[in-house]
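Presented sequentially are two complexes of chain A, the first with chain B as partner and the second with chain C.
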Partner chain A sequence: MNEQPRTLNWIMLGLIGLVISIYVLFPVFWLFLASFKTQPELAQLPISFWPEAPTLEAYKALFSPTHQKGQLLDWPQLIGNSFFIAVSSTIIVLIFGTLAGYAFARLNFPGRDLILGGLLISRMFQGAALLLPTYRLMSMLGLQDSLIGLVLLYSAFGLPFATWIIASSLREIPRELEESAMMDGASRLQSMVMVVLPLATPALITAAMWHFVGAWSEFAFASILLESNEHKTVTIGLASFVELFTLEFQYVGAAATIVALPIMLIFLFGQRYFTRGLLAGAVKG
Partner chain B sequence: MGSVTLRNIRKSYGAVEVLHGIDLDIKDGEFTVLVGPSGCGKSTLLRSIAGLETISDGEISVDDTVINTLVPKERDIAMVFQNYALYPHMTVAKNMGFSLRLAKESQEEIDKKVKAAAEILDLNALLDRYPRQLSGGQRQRVAMGRAIVRDPKVFLFDEPLSNLDAKLRVQMRSEIKELHQRLKTTTIYVTHDQIEAMTMADKIVVMRGGHVEQIGSPIELYDNPASVFVAGFIGSPAMNFIDAVGDGKALKTTTQELLGTPNATVASGQKVIAGFRPEDIRLAEKGIAAKVALIEPTGAETQLTLRTENEAIIMTTRDRITHSVGDQVFFEVIEGKLHCFDSETERSLAEGGQAQ
Partner chain C sequence: MLKSDRFLAYALILPVVAAVLAFVVGPTYNVATLSLTQVVMGQERGFGTLNNFRALWADPVFGLVLKNTAIWILGGTLLCVSVGLGVGAYLAIDSKVTGWLRALILLPWVLPDVVTAMAWKWMLHGQVGIIGQTLESTGLTEGTISFMGDPKLVMWMLVVVLVWRKMPLVALILCAAIRAVPDDQVEAARMDGANAVERFRFVTLPNIAFSLTAVTVISMIWITAEFALPWIMTGGGPANASQIMATYIYQQSFEFFNWGVASAMSVINLVMLVSIVALYLYVNRRSWASEASK
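And then the complex of A and B:
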């Protein structure tokens, strides 16, 4: 009946979306393009948009130790460190988040819902307020300037939300499925691994993606806790680049692209699960 | 083998007791139906037998082995759930073979048994499908297939047909019954539908409010209900109940009309509840006066609503009815079909009625 106003609405929404996308993505895109430019091209006026002679020089420099300015920035090492931290803490968060999420979803214990809500509240205290106490705590434990320390820290930060997502999605899985598995001869653990977890895959993937992205791109805690060069992460490397190469912007562009790449890949391949997982949690939480 | 014995089963959720001491003996191979209104504790009792609920008191045995401390997997009992509880991420074959896989049987053995069960249930063509690709009736059959591949001592069913439409329900009812006649596995079947109970059971257990009200074969319950509750619950349309008083050997209505001789001895002047089934009354030359209030032919039978001074009486008959609404008629209760119940306890006054 009111077909016309509706299409008009869609066009309007689309336009607004487009404008927002350009506004948000333009600097990113420009940085990406800059990574393929040469030093002179970046310096010239008027500023060029597309690289005149696209080159991979900046990337080559990034992966060869020739290029330093007095500071050792070993990108293969940085990437390795970040991967180690993000992957290990994701695994920890998944294991403990699944166990805790299962307990919150299935077992009856006093204060269950209160604690689950409390987990979410704990997320609100993150950030700058925690920097100093965390630094002191990690020093006392002898975990400053250690990758393991950062793995534990990120796991602790990531667990509440992962637990919450997983618990919400497990609650939607009918109890009878597990009971049926137990009648079929499964132990509680078997019924969880063989029946419940396969059905919770979207939530597990969502939790894993969410955590990996957070751990990979975390900067504040990494920068105050990690001191030695061989322990630094990509975000610290990127920050140093911004300071070091105010003129040679192609290097910053290349580094930023490398740092953003895993995240973009994750969203590209995981988007389907990501929205599903978050929605599952949103419907009944 | 699979005889089941329940002794004084009690179950509480917190401070609330929902099963108040259930005793029950089920012979090997028997098809027992637990029937009763919603909330009377049927599922709780069934789940206690399965091991999905821990009982607060009492003893559950299968073949003289006490099992109530065992976890479900150690009980050798299979259960079909109301919503089927098929594993959505497994094919029909995987669903059916899941228990065998857990029991670490060889793939060859699993395939053989799944195939045999699929044969029985006519599921051969569906083995590679996922549950979401099946109709309600097919899901129901897969759920049964999952139970029978294991060849357990006891099958439990919890209202397995309640999600199906009426026609399919009748069909599945016969299929389950046939399956039982073929496998002869002890079966405990829960339903709130008395027709299901009557048509399927070797033995019916009528439950009410966490108690067993009466146990017996369908015909026993129908002919000799132990209480007003059972009498009203079993049979459709339900038994008619009216207040009555003893008068010598006979019963009279409160308006002094003669009802007939009941199936129990009643003292003169004793107040009782008289009961008679709709098919156990007939129109007569004299008897209890009533007006025809409603005539509902269903083809083979006709159902009449007769209005006496104080009550509405339902009557069914296979005779052709020549009366019309508003006519004055008389009816009588057929000899030997008059039940009577204590007006306080509502238990039957007939011999054996006080038992239980």
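And then the complex of A and C:
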């Protein structure tokens, strides 16, 4: 091959790359830019690309108590609620997912593969069809409009995948390590906590990140279950702008940035773990 | 096998199994029985009737919902997989640019639905949206298009956003599959004088056929379950022009309190999901078998 088509190929490669990057980044970036613009600027034509006079007014308004009376929600509270739900359900999922994952990876019992398969398939049904019966169930249990109710629901939804990802990583850890620990007099529990779990840390991080992101982002079930303003979550807060705004996209941009921020940080710093879970999760639905 | 081991195992998996039974299996059963119950204003009045399904069938919106759902699931899947295949083939090339993009492209996948919906709502805004304005200023269209307000366009706009959100993972899975194609096969085809298109068609495609089928079925499952994106973008409107099963279930359940019709629709949605999952298990039977023999 001579030099010329080769350079041309690299240029093509770079150009396609540029187009894909813009396609992926632009929608989010554009909304992010809107959060620094003023109301008249958002409504004016032709569109100004960069904010003419960048301002943090939209963020201030979201966090100031005067702006929330009656129409807007209390964002510090929304953020607190979302964190509470995401963190508590992540802890629950890690604890019970590890216990079950250990059983599926290390112990033999009748129906093992069938039960694990059933758990994974159950994930595929967590959609719109379950909204109405879940609402009815939670009302019956007195758990509608309760953060604890959502913690339980999200934990139940997240446990099968966490169990599976932890089980498959435990399978790769040699049994001999554990057996030698038990030979030295450690109990099964001690050998699990002291020997096996440290080696399974990457899988635990993957499971935790996945669950946190899912719980933080969830909208459908939160929106049917949470009624009072002091119990609502960030996704409901952001979605509520659909009814409120005319062209107030600076608030939408600011709120969307707040909702996306923790996810972006996890994505940025946990890339390695994320991809691992994503590809694993995709293969099993 | 130690008997105590078996008890220990069941004790360890009990919380997970109980949670799934309570919050997934239970509600599934509950909505199935509700669909066969006469419900008036949230009050159950007698079990064993097909009236809810009859009411749904008589609902003039139902036909539109079916048509829109078909565009949503079939159009969405087809576009996700075909665009994903192209992008995946590109990402599979060895270079710094593609390596970096393989990480970046996941962004739409990890962002919350609500954020995605808002970002696209802003870009597709009828008066000051950047897409409409760009089309107008470059002379491609006369005047701005009301993307979300035009009943003929709105469903396809939702599909475009859906593809933005779901295509990246399809591309990554197919990229991984393409990279796993044995180099010597590609090299042998090159020696035999096959050009790039022929090598892709006759060497790469047969090698990734399994991944391609699996990812198609998985995309269908994802798209069938997707609710927040269409709901926030259009709420099913204008005038039901973008009403799909998921949004209709939500609207009938929580805005109109029409639980009979909502549960009948939920059951139809579940039957669809079961069929796709069955298809998935059938396609994937090879990997389940290898899993079980481990």
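Just a few scattered comments:
In this text, the second predicted complex is superposed on the first by the 251 of 285 C-alpha atoms of A that agree within 3 Å, B and C clash if a C-alpha of one lies under 4 Å from a C-alpha of the other, contacts with A are read in each partner's own complex, and residues count from 1 in each chain.
Criterion: a contact is a pair of C-beta atoms (placed from the backbone, for glycine too) under 8 Å apart; a residue touches a chain by one contact, two chains touch by 3 or more.
Source: prediction; values computed, not measured.
Legend: residue contacts after superposition of the two complexes on their common chain; A:134 is shown touching chain C, with no touch to chain B.
More residues of chain A lie in contact with C than with the other chain of the pair chain B and chain C.
Judged by the touch definition given at the top, the superposed model places A:14 against chain C, while chain B stays out of reach.
In the overlay built on the shared chain, the residue A:190 is in contact with chain B alone; chain C does not reach it.
Touch criterion met: A:182 reaches chain B, while chain C stays clear of it. Shared-chain residue A:170: touches no atom of chain B or chain C.
In the superposition on chain A, A:199 makes contact with chain B only, while chain C stays out of contact range.
Legend: residue contacts after superposition of the two complexes on their common chain; A:94 is shown touching neither chain B nor chain C. No residue of chain A lies in contact with both chain B in one complex and chain C in the other. Residues of chain B that touch chain A in their complex: 50-52, 71-73, 77-79, 81-83, 85, 87-89, 98-99, 102-103, 146, 150.
Listing the residues of chain A that touch chain B in their complex gives 174, 176-177, 179-187, 190, 194-195, 198-199. Interface of chain C with chain A (complex): residues 1, 5-6, 8-10, 12-13, 15-17, 19-20, 22-28, 30-31, 34, 87, 90, 93, 95, 97-98, 101, 103-120, 122-123, 125, 128, 130, 133, 137, 164, 168-169, 172-173, 176, 214-215, 218, 221, 224-228, 231-232, 235, 245-247, 249-250, 253-254, 259, 262-263, 266-267, 269-270, 273, 277, 280-281, 287-288, 291-292, 294.
Within the complex formed with chain C, the residues of chain A that make contact are 13-14, 16-17, 20-21, 23-25, 27-28, 30-31, 34, 42-47, 96-97, 99-100, 102-104, 107-110, 112-113, 115, 117, 119, 121-122, 124-137, 152-153, 155-157, 159-160, 163, 171, 188, 213, 216-217, 219-220, 224, 235, 238-239, 241-242, 247, 249, 252-253, 256, 259-260, 263, 266-267, 271, 274-275, 278-279, 282-283, 285.
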